[in-house]
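What follows is subunit A paired twice: with subunit B in the first complex and subunit C in the second.
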Partner chain A sequence: MLKKLWSVGLLLLIFVLAACSGNDKANEPAETDGDKKSNVPQVLVFGRGGDSVSLDPAIVTDGESAKVTINIYETLVNFGEQDTTIHPGLAESWEVSEDGLTYTFKLREGVKFHDGTDFNAEAVVKNFERWKAGASEKFYYYHSMFKADGEDIISEVIADGDYTVIFKLSRPQAPFLKNLAMFPFGIASPTALDQYGESFGDNPVGTGPFKFVEWKRNDSITLEKFEDYWQEGLPKLDKVIFRSIPDNSARLNALVAGEIDLADGINPSDAQSVEANANLQLIERPSMNIGYLGLTNTRPPFDNKLVRQAVNHAIDKQAIVDAFYLGRAEVAVNPMPPSISGYNDAIKDYEYDPEKAKALLAEAGYDGTPIELWAMPVPRPYMPDGRKIAEAIQKNLQDVGIPSEIKTAEWATYLDMAKNGEFDAFLLGWTGDNGDADNFIYTLLDKDTIGSNNYAYYANEEVHNLLIQAQSEVDEEKRNELYKKAQEIIKEDAPWVPLAHSIPLLAAKKGVTNYKPHPTGSEVLSNVEIQ
Partner chain B sequence: MLHYIGRRFLQLIPVLLGMTFIVFLIIRAIPGDPAQMILGQQATKESVEALRENLGLNNPWYIQYFDYLKGLLTGDLGVSIRTNQPISTEIWPYLAATFELAFFAMFIAVVIGMNAGIISAWFQNTWFDYLAMVIALIGVSVPVFWLGLLEQWLFSINLGWFPTSGREEVRDPIMAITHFYLIDTLIQGRYDQFGTVVKHLILPGMALATIPMAIIARMTRSSMLEVMRSDYIRTARAKGQKMFIVVYKHALKNAIIPILTVIGLQTGLLLGGAILTETIFSWPGIGRYIYEAIGFRDYPVIQSGILVVAFLFVIINFIVDILYSFIDKRIKYN
Partner chain C sequence: MAETATKDMNVQVVEDKVTSPWKEALRTFLRSKSAVAGTVIVLFFILVALFAPIIAPEGINEQKLGDPSTHLVPPSSEFWFGTDEFGRDIFSRVVWGAQISLTVGFGAVVLSAVLGSFLGIIAGYYGRWVDTIISRFFDILLAFPSILLAIAIVSILGSSLQNALIAIAIVNVPNFGRLIRSKVLSVKEEEYITAAKAIGMKDSRILLRHILPNSFAPVIVQGTLAIATAIIEAAALSFLGLGAEPPQPEWGKMLADARIYLMNAPWTMIFPGLAIMLTVLGFNLMGDGLRDALDPKMKN
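On to the complex of A and B.
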């Protein structure tokens, strides 16, 4: 009896101790909650999947860096609020010469950098010179957008007085303004660039609505309102805090528990529970991406066009969209989304037809050799669950007599292997940078980009010529014709099975208003308010 | 005693040297040219060559190793490719975050695990014994990510007791001095913030403590059972000594050595960072630091990160070895 009492007593003690330590602290957040309701602090906590790499936009390529830097820096021209049309930014207006080789920008006056430096033509020139002189692997975007075959597309940037900048191009570039509007070309304070040198990425200074306060790596980045911002009344928020919460479910939990105000990367399968929660709102990001099944064109059996076409007939794309994107996507026909200028809507997709697939395979003389089917190890908006989608595709392929084994690798290895063309068939995708057809078709399927983003190793001379011609064609209509033609050839060659254009989901507290997600994946938060 | 510590310390040297050599080999064992891998395929020949020179890859391996050792001895852990920062300064906040969580978790694990084990041994084959051991069995088998999400659902969303994730309330950030937030908040006299830090520690601490707690409980139980059968315990009881004193004073003293070993090993493991726990609770610790370095092919960070973690493991076990002789005076080291 005594023994039992002892054990019960000790057990109780442990539990009471544990409970105490919890209880007395549980009362505290209630007070802060109360404060919040009375005067609604304009602080937004943005929960996202990963940390930024650097806050120097010129040297990064990742979306998590862009999300932050786009609020610190501004570009000469801006994208529209929720599209990729071109609007004035740091440049009030601009003129293009007849031949498309000279752009003259009239800069906004009275703009200051966060460190008090004046924004002027000199600052613009200095930034472009920095990017142009730097190594290609350091300023990746500058080199991929403004250099071709080692030749500079921007041959000169000249300051004409304090507020006029002239760009001289070595050849016309149709998406020139769209390229300039991309986040990597945010103008940095020349004083700060000199002052911080290599560590500028930790001490970012721009002209944007928010200025940098603190970065706790892998944890949070804090920005605060820039009081001298040139746009009257903006930004509305006093503070923005970007918090990294890598796990999608944990991020949603943090939102439900009220620790963050906004969460990106919501699983399609969680959309319903967000909608059912009276305190939350579900937000859709306009779609500008593609998820696809790449068929490495240099590896058997996919070096045979008929086999690639057969696979296109074999896969039930609608079923995949229904099951894994839960309707938050549309079936993809071409390698770019329909919202982009130059999309060819006359193209008919390969219909789902296993019998036709079998016939094509027989015609190709495919001998039933098993293939490796690679599944992405990480969720992305364009590919919410690589493994499960691969399983569905495996079944589809099995039905037409292509045996396959699903494989995966750690993400960085996966991308390296894809770059090296080591996969037979693989799942991957792309989110557009600037809303231009070039940024999809050329980037993903031109022979020039084999070894970088052309993971399928697709090379077609005719397509290449069309795409190169389109790059310097300034007449919008003629340019679109070129892209439409390229899409036809690509459809016939079937280097991929385009799967879906998904709608990335976000969720926010009810009080978050005027948050407008941008299709490129990063947006300026100056209009956001908390009510 | 000092003699013993000195000798043990000297024995550490070959272990540490061997460790540096293995870690050094890791980066060389990667197929292909690390410089090319780091820079990507767009890189020009000149910049690859420059980086090779910079990383010292053009020298013979023994010179590379020697340089590497020289660097380590002067506290140079290399420079992160991703962030361009010296790793020796960059690594500290991550280490501090991991230390804080690991020691908090071990505290929970030791207090609950040892007591559960002792009581189970004391009341062997009673309901408490069975229950504790079943819980311990579940504890070693439960997947951490599942437990973590369950904790968040129960304690954060439904009960609202603890925050789901992170180290601090980001709206009221802590000014980092030592990067041990428990200490930083006390130095600054921010007792309210100290409370929030403890609250942030509880859920990840519990998740991280589960496995060590279960292992400690089982080890304590079996070690105690053995000691409880010995003659001197019977003598003590025959003298009329209170059972509590017999168990917690006489028996535990002799049962503690294997328990201490397990605690040491588990602490070492937790200091290596727990990627799953750190991911679920978005804890900016050393595990995720190294894991993300892998994703970015940041070889210097991978190399130095692993080295630091291995070093800590060795040191913790060294400390445990020393503790043996303090706790059990009979242990003679000759």
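On to the complex of A and C.
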């Protein structure tokens, strides 16, 4: 009897404690309400798939870092709200010389870094010098954008007075402004760079609408409103918390339960249930990506062009898009999405034709050696479920007589192995950084980028020449012609099976307004409001 | 007529006189309703596995991708268990999955019973430092949580169904080993063993002909129960992506694949889940019945 009483008592105690903690939580927003005029606390909890690597944008390449840093730092020029057109940023205006070799930027006055340092020409120069002097492994983006064959494309950055910066280029670069608008080139506070040195990535200081507060590794990053932000009335949020919830379904559940306000990486199969939920809204990110099946061009049997073409004929892309993207994607023909200038829409895709594939395989003398088909272990924006798509492809290949075994590895290992060309065939993809053709075709398929993003080890001298020529061609039309020609050759060589351009999905609570997802995958949250 | 009746009676009498322990056990076993139910379930799944090609002639990987009439269709007269996101018939896959799960279950248990018995007999019979080494080895294996150890072994061997089977077998070795060892310790003190030694019988013959048969009953019980755990462990490994490879219709893997459809197509998850539950339940009930029948301590 006594024992029973004890357990009842204990149970009661637990209830009381639970009720207390519940009350605390409920009270918290109520208190802040008192201070503010609006009734809703302006705090946004952004649920995402992974943690950031570092908050120094210059040294990272991953989208999860960019999502945060883009809110802390600003670039000289900005992308449009939901496109990749160029708009003034920290630079109010700019002039380009006739020969395309000199850019003169007029900087905005009265801008301050979060630590109180003034933003001026000197700060810009200091940042560029830091990137230029650093090792290529450290400042990956700077080196891939502004260096070619060890030669600096930006030969000099000069401060002319306090608010004018002059860039001198060694050769014209058509997408120069687009490159500058990319997240890695956010300007950091020179004082903070000196003060923190190597640990700057944990103590980020920029000029952006939000300043850094706290980082709990693998859990959350908290930013708060920067009161002295130069744009009047912005940002509208007081606080942004980026929370990592790796599993897509768990993240959606957290949103439904109200733990987070906004979730990215919604499975296409969950779109319907989000739309059916009166408290939620489904948000589509404008598409600027490619998901593909890479065929490592240096490994048998894919060192034979005929086999690669056969695989292109063997895979029923439309069926894959229908089954796994559920209409939230279009079938890919070329290595870049049609929205990008220079896209060749005259190219006809390899049609789904198993018989033709078999004929090509016979012609190539393929002997039925099994291949390894690698599938990514995590959902990516360009491919919601790699392993299932692999299973569908496995069946397609089996139908034409290519036996395959599906394999996978942990994500970081997967990328490393792909970089080293250890896969026969593999699923991967790419989300564009700046909306330029160069950022797709050169980055993914030029012989220069073998060992970084050219995972298929595709090397074609003719394509290389076209791409290099296109980089310094300033005339838009001529430039597009070069890219169209390159796409034709790539289609014929078939280093990949381009699968889909997906529309990544997000979901938010109904009250979240003015959230405009950007095609590059990261966006400034200064206009977001909670109602 | 009368003659046959007497004959039958005679047989009855003779049988009663020499009640073998096995027959006695069978009778106890059949008296338990749950044990019989378990056996029926197990037999059912064995039959399903054996006749899979007849029951589900469509096979396991008949994909009809992107066809709305077969994409995640709920259970109907055409597709008894509905279809999955590849347009495959889930009923066919669950039926073929029985083959995989039972093979892994039996395979792993036979392998670990053989290994475990071998080590256990040697440890029990020879004693001293042989016993110490083998017993400490068992202790080390038992110190790890079983599924964790299995995961570690599969990670080393590489993930495939065969390696999952080996991993589960290794994990279960100490259970059988200890069981046999303790039994051998008591059997080897029996008089008939002393007698066998006295007439100069070789160790190998004593071990195989006298000790092993007399120590084997608990292994049968343990084996039946271990099949149930082995099936669950195999499903768990496949669920984690360390066992079956696509397109194999392993039940645990089917569960993992169905996770994202939990909300909008629950049948993709329910049927493989039910299949796991039922087989495991069957083996457990049967194992319990066997223990009641074979374990002398349980008799009153």
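Everything that follows uses one rule, which is that the second predicted complex is superposed on the first by the 493 of 531 C-alpha atoms of A that agree within 3 Å, B and C clash if a C-alpha of one lies under 4 Å from a C-alpha of the other, contacts with A are read in each partner's own complex, and residues count from 1 in each chain.
Convention: contacts are C-beta pairs under 8 Å (C-beta built on N, C-alpha and C of every residue); 3 or more make two chains touch, one makes a residue touch a chain.
Since the structure is predicted, the reported quantities are computational estimates derived from the model, not experimental observations.
**Student:** Could you tell me if A:Asp416 is touching subunit B, subunit C, both of them or neither one (first, second, both, neither)?
**Tutor:** first
**Student:** When the two structures are overlaid on chain A, which partner does A:Ser452 contact: first (subunit B), second (subunit C), both, or neither?
**Tutor:** first
**Student:** Would you check which partner chain A:Lys216 touches, where first means subunit B only, second means subunit C only, and both and neither mean what they say?
**Tutor:** In the superposed model, A:Lys216 contacts subunit B only, not subunit C.
**Student:** Please work out whether A:Gly201 is in contact with subunit B alone, subunit C alone, both, or neither, and reply first, second, both or neither.
**Tutor:** After superposing on A, A:Gly201 lies in contact with subunit B but is clear of subunit C.
**Student:** Look at A:Ser522 in the shared chain and tell me whether it touches subunit B only, subunit C only, both, or neither; answer first, second, both or neither.
**Tutor:** neither
**Student:** Just checking: does A:Ser249 make contact with subunit B only, subunit C only, both, or neither of them? Give me first, second, both or neither.
**Tutor:** both
**Student:** Looking at subunit A, does subunit C or subunit B touch more of its residues?
**Tutor:** Answer, by number of touched residues of subunit A: B.
**Student:** Classify the contacts of A:Ile406 with the two partner chains as first (subunit B alone), second (subunit C alone), both, or neither.
**Tutor:** second
**Student:** Which parts of subunit A are touched by subunit B and by subunit C alike?
**Tutor:** 249
**Student:** Please give the residue numbers of subunit A that touch subunit C in the complex, ascending.
**Tutor:** 248-249, 267, 269-270, 272-273, 316, 318-324, 377, 385, 387-388, 390-392, 394-395, 405-406, 408
**Student:** Which positions of subunit B touch subunit A when the two form their complex?
**Tutor:** 37, 39-44, 47, 82-85, 90, 93-94, 111-112, 115, 119, 122-123, 126, 128, 145, 148-149, 152-153, 156-157, 159-167, 169-173, 176, 192, 195-196, 198-199, 202, 243-244, 279-282, 284, 288-289, 292, 294-297
**Student:** In their complex, what parts of subunit C are in touch with subunit A?
**Tutor:** 61, 63, 65-68, 71, 85-87, 241, 245-247, 257, 259-264
**Student:** Can you tell me which positions in subunit A touch subunit B when the two form their complex?
**Tutor:** Residues 3-4, 6-7, 10-11, 14, 21-23, 25-26, 28-29, 32, 41, 43, 45, 50-51, 53-54, 135-137, 140, 143-144, 198-199, 201-202, 214, 216-220, 222, 241, 243-247, 249-250, 253-254, 256-257, 259, 410-412, 416, 419, 451-452.
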